[in-house]
Amino acid sequence: MNRLAVNLPGLALKNPIMPASGCFGFGEEYAKYFDLNQLGAIMIKAATLEPRFGNPTPRVAETPSGMLNAIGLQNPGIDEIMQVKLPKLGAYDVPIIANVAGSTEADYVAVCERISQSKHVAAIELNVSCPNVKHGGIAFGTDPDVAFTLTEAVKKVSKVPIYVKLSPNVTDIVPIAKAVEAGGADGITMINTLLGMRIDLKSRKPILANQTGGLSGPAIKPIAIRLIHQVSRAVEIPIIGMGGVYTVDDVLEMYLAGASAVAVGTANFTDPWVCPKLIDALPNRMDELGMTTLETLIKEVKAGR
Amino acid sequence: MNRLAVNLPGLALKNPIMPASGCFGFGEEYAKYFDLNQLGAIMIKAATLEPRFGNPTPRVAETPSGMLNAIGLQNPGIDEIMQVKLPKLGAYDVPIIANVAGSTEADYVAVCERISQSKHVAAIELNVSCPNVKHGGIAFGTDPDVAFTLTEAVKKVSKVPIYVKLSPNVTDIVPIAKAVEAGGADGITMINTLLGMRIDLKSRKPILANQTGGLSGPAIKPIAIRLIHQVSRAVEIPIIGMGGVYTVDDVLEMYLAGASAVAVGTANFTDPWVCPKLIDALPNRMDELGMTTLETLIKEVKAGR
Amino acid sequence: MLQEMMTVVAQKRLAPKIYEMRLTGNLVKEMKQPDQFLHILIPRSDLLLRRPISLAEIIPEKKECIIIYRIEGEGTAALADLKAGDQLDVMGPLGNGFQVEAVQTGQTAYIVGGGIGVPPLYELSKQLVKKGVKVKHFFGFASKEVIFYEAAFKQLGEVTIATDDGSYGIHGHVGHLLDQVAETAPDVLYACGSKGLLLAVESRYEGQNAYFSLEARMACGMGACYACVCHKKSDPTGNESLKVCDEGPVFKVGEVVL
Amino acid sequence: MLQEMMTVVAQKRLAPKIYEMRLTGNLVKEMKQPDQFLHILIPRSDLLLRRPISLAEIIPEKKECIIIYRIEGEGTAALADLKAGDQLDVMGPLGNGFQVEAVQTGQTAYIVGGGIGVPPLYELSKQLVKKGVKVKHFFGFASKEVIFYEAAFKQLGEVTIATDDGSYGIHGHVGHLLDQVAETAPDVLYACGSKGLLLAVESRYEGQNAYFSLEARMACGMGACYACVCHKKSDPTGNESLKVCDEGPVFKVGEVVL
């Protein structure tokens, strides 16, 4: 029996570790560094209907134990993703989660409908939380009613399970989580980045051309843990946790908070091999902590609530 | 001319650096480490009507470039603060900012009315943002209408200027800032801590007895900078900035974001002399960056908006 | 002077995960009382909070002091990486330690310790012996493997050891030891160890001339932040508190709620 | 192999804030092309992003390479603290550097650099000379004080220097230098330096056999995150991009929008 295996809607994961959207491109570059078949799943870069250049540069800045990014959903558009990017990933035996963004409900519906027809897509991650573009969907992730309507709409057209990606930039995340569950979401992924800024002392201007950017990395981990803890108590659907995961202890802390699988974003930039390393290190650390299988751990955490 | 001097409502500051509330007790302990007269001002620990023990321990936990605290507004109550704590601070030539918390509007009004009568109190910091107690005021800081009403009520009774301390745990801070300005606030202090959690892998329980705690330290600095930047563009009243300040560059980044003075919290625990060190280091760094006086810098930043 | 960049003189592994570090600096001049602690800034820029570690031995004539610590997490692991010549940012000595004044020359002191609570008892025992107090040590450890300083304590007085797994000495914890071995009430008792140990001591010695040292998660370490409080037993309102960092870490047994 | 804990062999201050670091490791075997860069993890646990620093010299026979960097912020300041024997986590070599194939033996190459853009031009110039190309260097620096490697470049070919403050060589920036000194169009031109320098080069050499190296804030350094993109000049939609980290840092002058 594979003690790292986890079963989620549409996702039979051989292990719980997957690179987070936007931090792994469409996998091609990392394929030069390690065998992608090792991964539990891959969350690919956001797809939009039309190609997008994204925001002007600089697009990244460093912060204490974190970073800001304002890539702005750069992507080649759904056509090229369907025709070029996804088939390449099809060569691997790894479930692909397609991150979908848009600025109108119609956008979301159109992209979800089409991308869910790709035989290479196992699930969709509905990005209603990108803080970096004016109409990048964050409005959909901060209002429960809007989130409900959108989830319902994409569920109607999608052939694969829908995971809604929640934003931490809200006063109360629980109503939003409940709304997407009520709208039919099969799961939740969380958290997206927190809105932040850095200002350059010499130019006196924000370092990012977009002024603000999304804060990620270990700095936000305690916020992610708190939010996952809150949401896992409020909904029944599973959560894929993320936000500052660097170590195997971080992975297990996400589980104890209530996650069923774990995505890794920023850490890929510090160490491109971080995902396979985490997968390798999990069994030993689980032994030390008396954890038999991840499925058992998920049940124990649920029971302990 | 003193290039570090800043004039704010009720606060003629000889320099802009002040310890943040809850991170400096009532000053007595730090007085053993350095001459408190060096400070621009002192924000004392939260005062409530009745004495409070606060939350059970553990009350602090460490996070990457940050910390969580759930002290829970422990304080000896307004009587002892007025009779014992404030007179001791009266020995110093430093403006005292009294941090006031409560669980009902009546609490806030009562404490503000009484404490503003102390000849040792130069201004009040209205804490509507403590995330660590069930009725610690955070509800007052997340709803613009409630914030407006409370500000108006305490303004009626207070003999000293009111600075309202804003919470970062909100979807949109601008309406709240505007509401407290409309309610008559003389200034804003920001940010209070972000709600976070850490879970112990062995006990599988949150490290803090209170489960959640407030995240402070450099980890949150980019969020503080973003929020100050937003609010300073939305209101006319001055902002005392805080959140992760450790270095003189952090102080000046707060100014560039729109702050008029700067409070230092967590850094006091890493280095008890951090405030006097920052005060000493400011002039040199201002020279390097071509900043003549802080008052000029404030004007330049305002003009550059 | 309350803070200094001290220099590591030597570092030695005493047992699995347990290290002895020898430090030198002018701060040693300020170090007097057993179980005062050093508040140590870990040389890792993402760790902001200092770590409280007790003084295990003060050697004023060499301007040196010794700390003994166990690797618990990231901070102590980073300490274990330091080498002779490295610098360490140390605040201290902080807190109210064990008072050797609580016992007279010629009297007998029981010294009770468990695991990583044992280190500060070494300086205590040394000072008591110097004063002409007779010391008896009662120590509990998890297993034979993690016992340290037994020979050093034996130079000062009798040492009785219990191990949880029975791999050395008496099988059981310190409570058992006290029941079996410590027949008479001592003139004074000093204890340091886990909560279990402190409870065992409390149940046997509350109201007597007995003192124990508490642990608490700390931020400031000097009384300002109220991270480290405990309840006063004598306070019916529950609002009063004592701070482990500056009013402790040593309290009279019975003074605080464990 | 694309990542290694390399060892610092030596570190030397060349000018105020400018340091030369010599590294050794097996990764050197992979280093071939001038202006490929190393993506260096700063040994400070609160700094997550690697720093891109160009190779200034590759010395395969010694298994060593040299980087030259200026202290700009916290990361480069931490690098300057390293001593011989320290370890450094290095990824690389990354990127597409200068192609010596763009010029033939016997032809002439102009090598144009400014300030901290000069280091990668040293390996380039060495490789060109080895190939039998005649090299002429045109360098701009802020002032006499911060000039480095002048003698080393002189060994390879003519060096003309301009300083912004006139304290050495011609008074002015590299643009002036090119106008005054570089009378004829070269067979090839390679440039690395500030945006001002690149614009000066672009305005004079667009459409010719000319190449320049771009800087960009990076995260991954290997093409996955899209932090480092620039616009393609040839793309009317504005949606296509080139990534400085893996499609650059060297581009043909005119290929990208500066």
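The letters A, B, C and D name the chains in turn, as written, and every chain counts its residues from 1.
The definition used in the following text is that contacts are C-beta pairs under 8 Å (C-beta built on N, C-alpha and C of every residue); 3 or more make two chains touch, one makes a residue touch a chain.
Since the structure is predicted, the reported quantities are computational estimates derived from the model, not experimental observations.
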Every chain in contact with both chain A and chain C is listed here as B, D
By the contact definition above, name the pair with the higher C-beta contact count: B-C or B-D. B-C
Distance between chain centroids, defined by C-alpha means - chain C, chain D (Å): 56
Quick check: how many Å separate the C-alpha centres of chain A and chain B? 34
Can you work out the whole-Å distance between the CA centroids of chain B and chain D? 46
Tell me, which residues of chain A touch at least two other chains? 64-66, 217-218
Contacts with two or more other chains, residues of chain C listed in rising order: 45-47
Which of line, ring, star, complete and other names the graph you get from chains that touch? complete
Considering only the defined contacts, which chain C positions touch chain B in the complex? 2-3, 41, 45-50, 91, 216-231, 237-241, 246
Residues on chain B engaged by chain A in the complex (per definition of touch): 63-66, 68, 142, 169-171, 194-199, 201-202, 204, 206, 211-212, 215, 217-223, 225-226, 229, 244, 249, 252-253, 256-257, 289, 300-301, 304
Of chain A, residues touching chain C in the complex: 64-65, 218
Under the stated contact criterion, what part of chain C meets chain D in this complex? 44-47
If you look only at chain A, which of its residues touch chain D in the complex? 22-25, 28-30, 32-33, 45, 51-54, 57-62, 64-67, 69, 71, 74, 76, 217-218, 266, 268-273
